[in-house]
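Read through the structures below before going on.
Shared between the two complexes below is chain A, which pairs with chain B and chain C, respectively.
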Partner chain A sequence: MLKRLIEIVGKENFTDQLEELVPYSYDASINVHRPDAAVWPESTEQVSEIVKFANEHKTPLIPRGAGTSLSGGAVPIQGGIIIDLSKMNRILEISIENRYAKVQAGVVCDDLNRALAKSGFIFPPDPASSSVSTIGGNVATNAGGIKGAKYGTTRDYVLGLQVVLPTGEIMQTGAYTMKCVSGYDLSKLFVGSEGTLGVITEVTLKINPIPRHAMTAVATFARLEDAGKAISQTMMSGVLPSVMEILDKVTLKSIKENTDIDLPDAEAMILTETDGYTWQEVEAQMEVVLNIFNQNHPISIKTAKDEKDRLDLWKARKSAYATLARASHSFVLDDVTVPVSRISDLLLGIQEISRKHGMLIATYGHAGDGNLHPQILYDEYDPNQVELMEKVEEEIFDLAISLKGTLSGEHGIGLSKANYMSLEHDPVEMALMRKIKRVLDPNNIMNPGKRALDK
Partner chain B sequence: MLKRLIEIVGKENFTDQLEELVPYSYDASINVHRPDAAVWPESTEQVSEIVKFANEHKTPLIPRGAGTSLSGGAVPIQGGIIIDLSKMNRILEISIENRYAKVQAGVVCDDLNRALAKSGFIFPPDPASSSVSTIGGNVATNAGGIKGAKYGTTRDYVLGLQVVLPTGEIMQTGAYTMKCVSGYDLSKLFVGSEGTLGVITEVTLKINPIPRHAMTAVATFARLEDAGKAISQTMMSGVLPSVMEILDKVTLKSIKENTDIDLPDAEAMILTETDGYTWQEVEAQMEVVLNIFNQNHPISIKTAKDEKDRLDLWKARKSAYATLARASHSFVLDDVTVPVSRISDLLLGIQEISRKHGMLIATYGHAGDGNLHPQILYDEYDPNQVELMEKVEEEIFDLAISLKGTLSGEHGIGLSKANYMSLEHDPVEMALMRKIKRVLDPNNIMNPGKRALDK
Partner chain C sequence: MINHLQLDDNRRKAITQCSRCGFCRAVCPIFDLTKRPITNARGKMILLKEVMDGKLPVTEAVAQALLRCTTCMNCTTNCPSGADPQEVIKAMRKELVGIGYDNLFRAMGEIVEKYGNIYGEQERQDWGHRKGKAPYVLFLGCVGTYREQESVAETIRLLDLLKVDFTMIEEVCCSGVLEDVGYQVKKGLAQHNIQEFQKTGAKTLITTCPYCYRVFKEHPAYRDLGLEVKHITQFLKDFDFEVKTEKRVTYHDPCDLGRHAGIYDEPRAIIRKIAPNFVEPRRTRENAMCCGAGGGFRGAFPKDSVKIARNRLSQIIEETGAEVLLTECPSCLHNFRNARRRQNIEIYNITEFLARLYEEGLANKKEAA
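The block that comes next holds the complex of A and B.
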């Protein structure tokens, strides 16, 4: 194995050394398993040769970008070869007038956006990991982020792909044009496929002009129901805010205790932004949102007057994950998603689950599209706590599904939610997913053990 | 056959009478073939029974909405059973706060939009056929329309589907939420699949608030290159117009000769709109667009001052198709799509093809997303003209592909472009499309003979 892989990528782009494989045993989830080797291909042709080799030897192959998956998507749970695409990091073409950017899979999301910003353009999906996450990874997980309600997710921007199929064949999908209905939309089959159908090597993305103005406001509420109503009524108002984030009481308390940010005692805080081409557009929309907030008994409302204010208002939201991560030995970050009108039901239900099991859960996330992140705080070294955490997680999944929601808005299924897919999907759909997996990857080499689709 | 089908749908929902089958032999393309029977199911369960029956007897089954396909997608080229979904026309649920509408496949596009408009919402894709086209048909063809550059196509709005698979099994895909990455995106596999993978019976669509204001302007140009530059520069300006339509000289001449619309002699006319939540937003954006037009040597620029002006400016664009349709015995309407910067190259190339073969081609369409409609005027009763038309069409396809374009932006492949798919798609992609078709529909009952994917 060693010899052939070194032949393909060169000695400097191969490792089977324990100390170099350790970081490839993890991602941002709680799953761990060591691969047998890792390679850093520098071209699609090398990727193709690696895949052919793995397919011949029926060796698991795990494509990896920055390894920031929160669901175990990048963990080589059956060993095998990690194919790290970070050296394929060239921006191949930016065409502003034609509204597309073509990049290699290893290009970092923020690097692309820095290049686009020079022309006033942006690739809108903004996962929290964008400073390190790669475009290939964003596509493989259909990365979302804060602005999903107004600007959609990665899926909505993928025009075309270059993919190395599990046979090693190189395939082009899609087009360079904004519209295309020629044949099946194979690009979208790979968006969110979590490395189980092939290796994405190049991506052509639609890009948007950057909105020139934005305005930020924060409101706090003493009752979750009021916050929920404020969100629902905003979504019905004809205004589509570019940001509509929510933080629950537990999150706010943790931020207050661990930072110098001044926060009122509240059941919920909503951070919102409107954006547009003109300041008038931004203000008129914000006026509507603030009126709605005011009608729902807020404790406080603050509006940013300048950039410093704006950053201050964002501070609490931005520190949620890190503050909570430090607040306990271990944590699991989920991303159940419900219709917007059910957000307060989800939050109240999570509080009930937390109380029942005596386990702390802080919930925050993207209220504008119903995508919430319950962060379950526990101790991974205490077997009782681990068992309890799993029970809590399952109850949250059940709750989200009962509210017409989904297991995952943006983190993916990976390992963490593989056993719960049938809660959401009917047997016919599960069977078709398995058939498609089998027809593309009959030897089950691509990221095996994920999503329970290869059984 | 007759007996079992009548058992399923009832006598009143079945026909094998010639006079009733004639309209089902056509769509809006030039293809014709008579089916053996037609059924009007009233429920998903009936659809399932019909599909099971067809699958058992390996009988072709052709799902049909309004039959407005311009590519032969709805023509039963191998006979079989037409499954007309127009009786399944109930709007099942509209949830404004959760931003979705759930409808049966036979709901007419404009009927849905009338229902949504009461709450100030819209399903944005606006194919020219929206007054009759069904949502199921829109999804099966990934219908686009005039506002694609800013608002995308049907694909961007499909949250979930109910599909009867070729086995007769009923499958649910997707979710009710704005974000979902649970499993493969099977919904998108059916979007644009032209009835070749199953029968779409229910659709859950994302909906948007209606922009409150819009402003319209028209400019004419003496040189195609100037019009092309005006379009490209607008797309780079940071403004994304909601409308950016172009009409070429031949189209303008035909409108002028056949209507009372006053038009200057020009190589091209551009109709544009900006929209937004406030009038200031709309005006500020239009100012940028008009400045760009002014820098590119326009013959004339007109801006609508009121709704009457606006309708006047739209009049020429709206009358293009019908005027041209009356101008010759027969016509073919194509929809090649190119990157925006290549629009003037495409138009000049089409002029060259027209001159070379002495065949009149009028071209107009959606410049903002590069989706143009060359309307080839010929006489279907003259075999020489038919042969020439086919040659002209092929040269237009070659031209579009050479400009990094696609065969179809919104009309689909159907029968008309089936033989040209390999111009655009590599053999690996074609092979995977065929594999997917085979795994879903091993007996090839679903709309056979289309797209050359079932060979």
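The block that comes next holds the complex of A and C.
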């Protein structure tokens, strides 16, 4: 194995040293397994040669970007070769007049946006990890973020891909145009495929102009139901906020206890933003949102127009993860998603699960698109706690599905949710997914063991 | 050799504080260069967690991995989980030395002890400045004294031009860096410096090196120093300077002065007085990228260290279009100067640049006369 891989990528781009492989055994989830080797290809041709080699030897191949996945998607659960795309990090083309950017898979999300910002443009999906996440990883997990309700997720921006198929052939999908119905939409098949169908090496993305103005508001509520109503009524009002975040009382309490941020005792906080081309447009939209908030018995409402006040209002939301990560060194961060009108039901249900099992769960997330992040705090060194955490997680998945929701809004299935796929997908759909996987990857080399695909 | 570690609860807590989010990838100067996960903070915290949990034996490769850190602290500053990887790494370097994994800095410690400097140099330049008693005493540190002599000469000239009544001592290495690479401060050297300082009768100790500044301020070996310690930018921030430059000037925050000591405003206060065309790099102050010289990294991995400096230099030039890069740290200065190839930028310590401006002013006056 060693010799051929070194021939392909060079000695400096190969490792099978145990200590170097240890960090590749993890992502940001709780899953762990050692790979056998790792390579850093520098071109699509090298990727193709690596894939051919792996296919020939039926060796698992796990494409990896920044390894920030929260689902175990990047963990080599059956060993094999990690194919780290970090060195393929060139922005190939930015065409503002045609509204697209073409990049190699290893380009970091924020680096692309910095380059686009020079022309006043942006690739809108903004996962929390955008300072490190790679575009290839964003595509492979269909990364979302805070602005999903108005601006969608990565899927909505992928115009075309270059993919190395599990047989080593190089395929170009899609077009450089805003519209394209020429053939099956194979690009979208690879969006969110979590490395199970091939290695994404280049991505052509639609880009948007950066909205010139934004206004921010924060409201707190004494009853979760009121916060839920405020959200659904806003989404029905004709105004589409660019941000609609919610934080539950456990999250708020943790922030209050661990920072100097001044917060009222509340069941929920909503952070919202409207954006647009002119101030009038932004303010008019915010007026509608604030009216709705006012009709739903808020404890407090604050608004901000300038950058300093905006940052102040964002502070609580931005500190959620940080304060919770300090509260417990072990946690699981999920991303169940429900229809927007069921947000308060989901939150109340999670609180009930938390009460029942005596396990702390803080929930916050993107209420505007129904995507919440229950963060389950436990102790990984206590086997009872681990067992309980798994039970709690299962009940949260059951709850989300019973509310007509989904297991995953933006983190992906990976390993953590693989066992629950049949909760959401009927046998016919599961069978077709497995068939697609087999057609493309007959030797099951691409990121095997994930998403219940190789059963 | 022992291949496992016994760690106390505090140390265990510090290691488990990493939530493996990987956000340190964006700020680690070594990862930026190598793209190898073992080189960033998450990679090392994972290694240490496995060692702690008994899943991975301590090996020479683990010890080597821990040496690949400039202790620039950018990961700590930007860690969403509140972990302090550089502190953990420094502590674990000591633990590993403790169980027999000596590293190349053991030899450096012996050299420091024998010669009083990190380079094993036998001849120390006498700057021609007066010794003896004065209200202020200036301490230069090894890198300035032995590798950036011209810069030091200018700094001394500046203090003279500003009529600062200062003296200098027969200084030896503060030896603080040994603490960061697995070993201890040399108490004998510390005692020598303290005695020499006290002989001068000075009330204030001025350092040009931010690292020496920290050691004098923080290390228990210098507890009995009895002098107020100031970095030279703190000392000079309220001075009026009769010189100006029209050049486009930028500033690199040394990690030891900025993130480690919290001194951001003083150097800027000085620069703003003399350079109306001052422009900040994109990554600056708390988020400034490291030059690659710190934490023993330059000594252990000189080639990578210079490459990191070259990357930082290129980014600064690209982002600011500056004609002059200022800093106030002999190590940063030395690394940047070594890294410069065809890049069209002048690189100075602030104090050195000031002295040069004064000289230009004097030369122009002569010409006019």
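By our rule, the second predicted complex is superposed on the first by the 454 of 455 C-alpha atoms of A that agree within 3 Å, B and C clash if a C-alpha of one lies under 4 Å from a C-alpha of the other, contacts with A are read in each partner's own complex, and residues count from 1 in each chain.
Operating definition for what follows: a residue touches a chain if its C-beta (ideal position, glycine included) is under 8 Å from a C-beta of that chain, and two chains touch if they have at least 3 such contacts.
None of these values were measured; they are calculated from a predicted model.
Colleague: Report for A:Met236: first if it touches chain B alone, second if chain C alone, otherwise both or neither.
Modeller: In the superposed model, A:Met236 contacts chain B only, not chain C.
Colleague: More residues of chain A are touched by which chain, chain B or chain C?
Modeller: In the superposed model, B touches more residues of chain A.
Colleague: Which partner chains sit in contact with A:Ser408 here, chain B, chain C, both or neither? Use first/second/both/neither.
Modeller: So A:Ser408 only meets chain B here.
Colleague: Which of the two partners, first being chain B and second being chain C, lies in contact with A:Val132: first, second, both, or neither?
Modeller: It touches chain C, and chain B stays clear.
Colleague: First (chain B), second (chain C), both or neither: which does A:Glu93 touch?
Modeller: Neither chain B nor chain C is touched by A:Glu93.
Colleague: Taking the superposition on A as described, I'd like to know which of chain B and chain C A:Ala175 touches: first, second, both or neither.
Modeller: In the superposed model, A:Ala175 contacts chain B only, not chain C.
Colleague: Applying the touch criterion given at the start, work out whether A:His329 contacts chain B, chain C, both or neither, answering first, second, both or neither.
Modeller: Touch partner of A:His329: chain C, not chain B.
Colleague: Jot down the residues of chain A that show up as touching in both complexes, chain B in one and chain C in the other.
Modeller: none
Colleague: Quick one: which bits of chain B touch chain A in the complex? Just the residue numbers, please.
Modeller: Result: residues 95-100, 119-120, 141-142, 144, 148-149, 152-153, 155-156, 165, 169-173, 175-186, 188-189, 191-193, 197, 208-210, 212, 232-233, 235-240, 276-278, 280-281, 284-285, 337-341, 366, 368-371, 404-413, 417, 421, 424-426, 428-430, 432-433, 435-437, 439-440, 451, 453 of chain B touch chain A.
Colleague: For the complex, give me every residue of chain C touching chain A.
Modeller: Contact set of chain C toward chain A: 13, 16-17, 19-23, 25-26, 35-38, 42-43, 46-47, 50, 56, 59, 61-62, 65, 80-82.
Colleague: Which residues of chain A touch chain C in their complex?
Modeller: Per the touch definition, chain A meets chain C at residues 15, 17-20, 22-28, 40, 66-68, 84, 86-87, 108, 110, 129, 131-132, 321-322, 325-326, 329-331.
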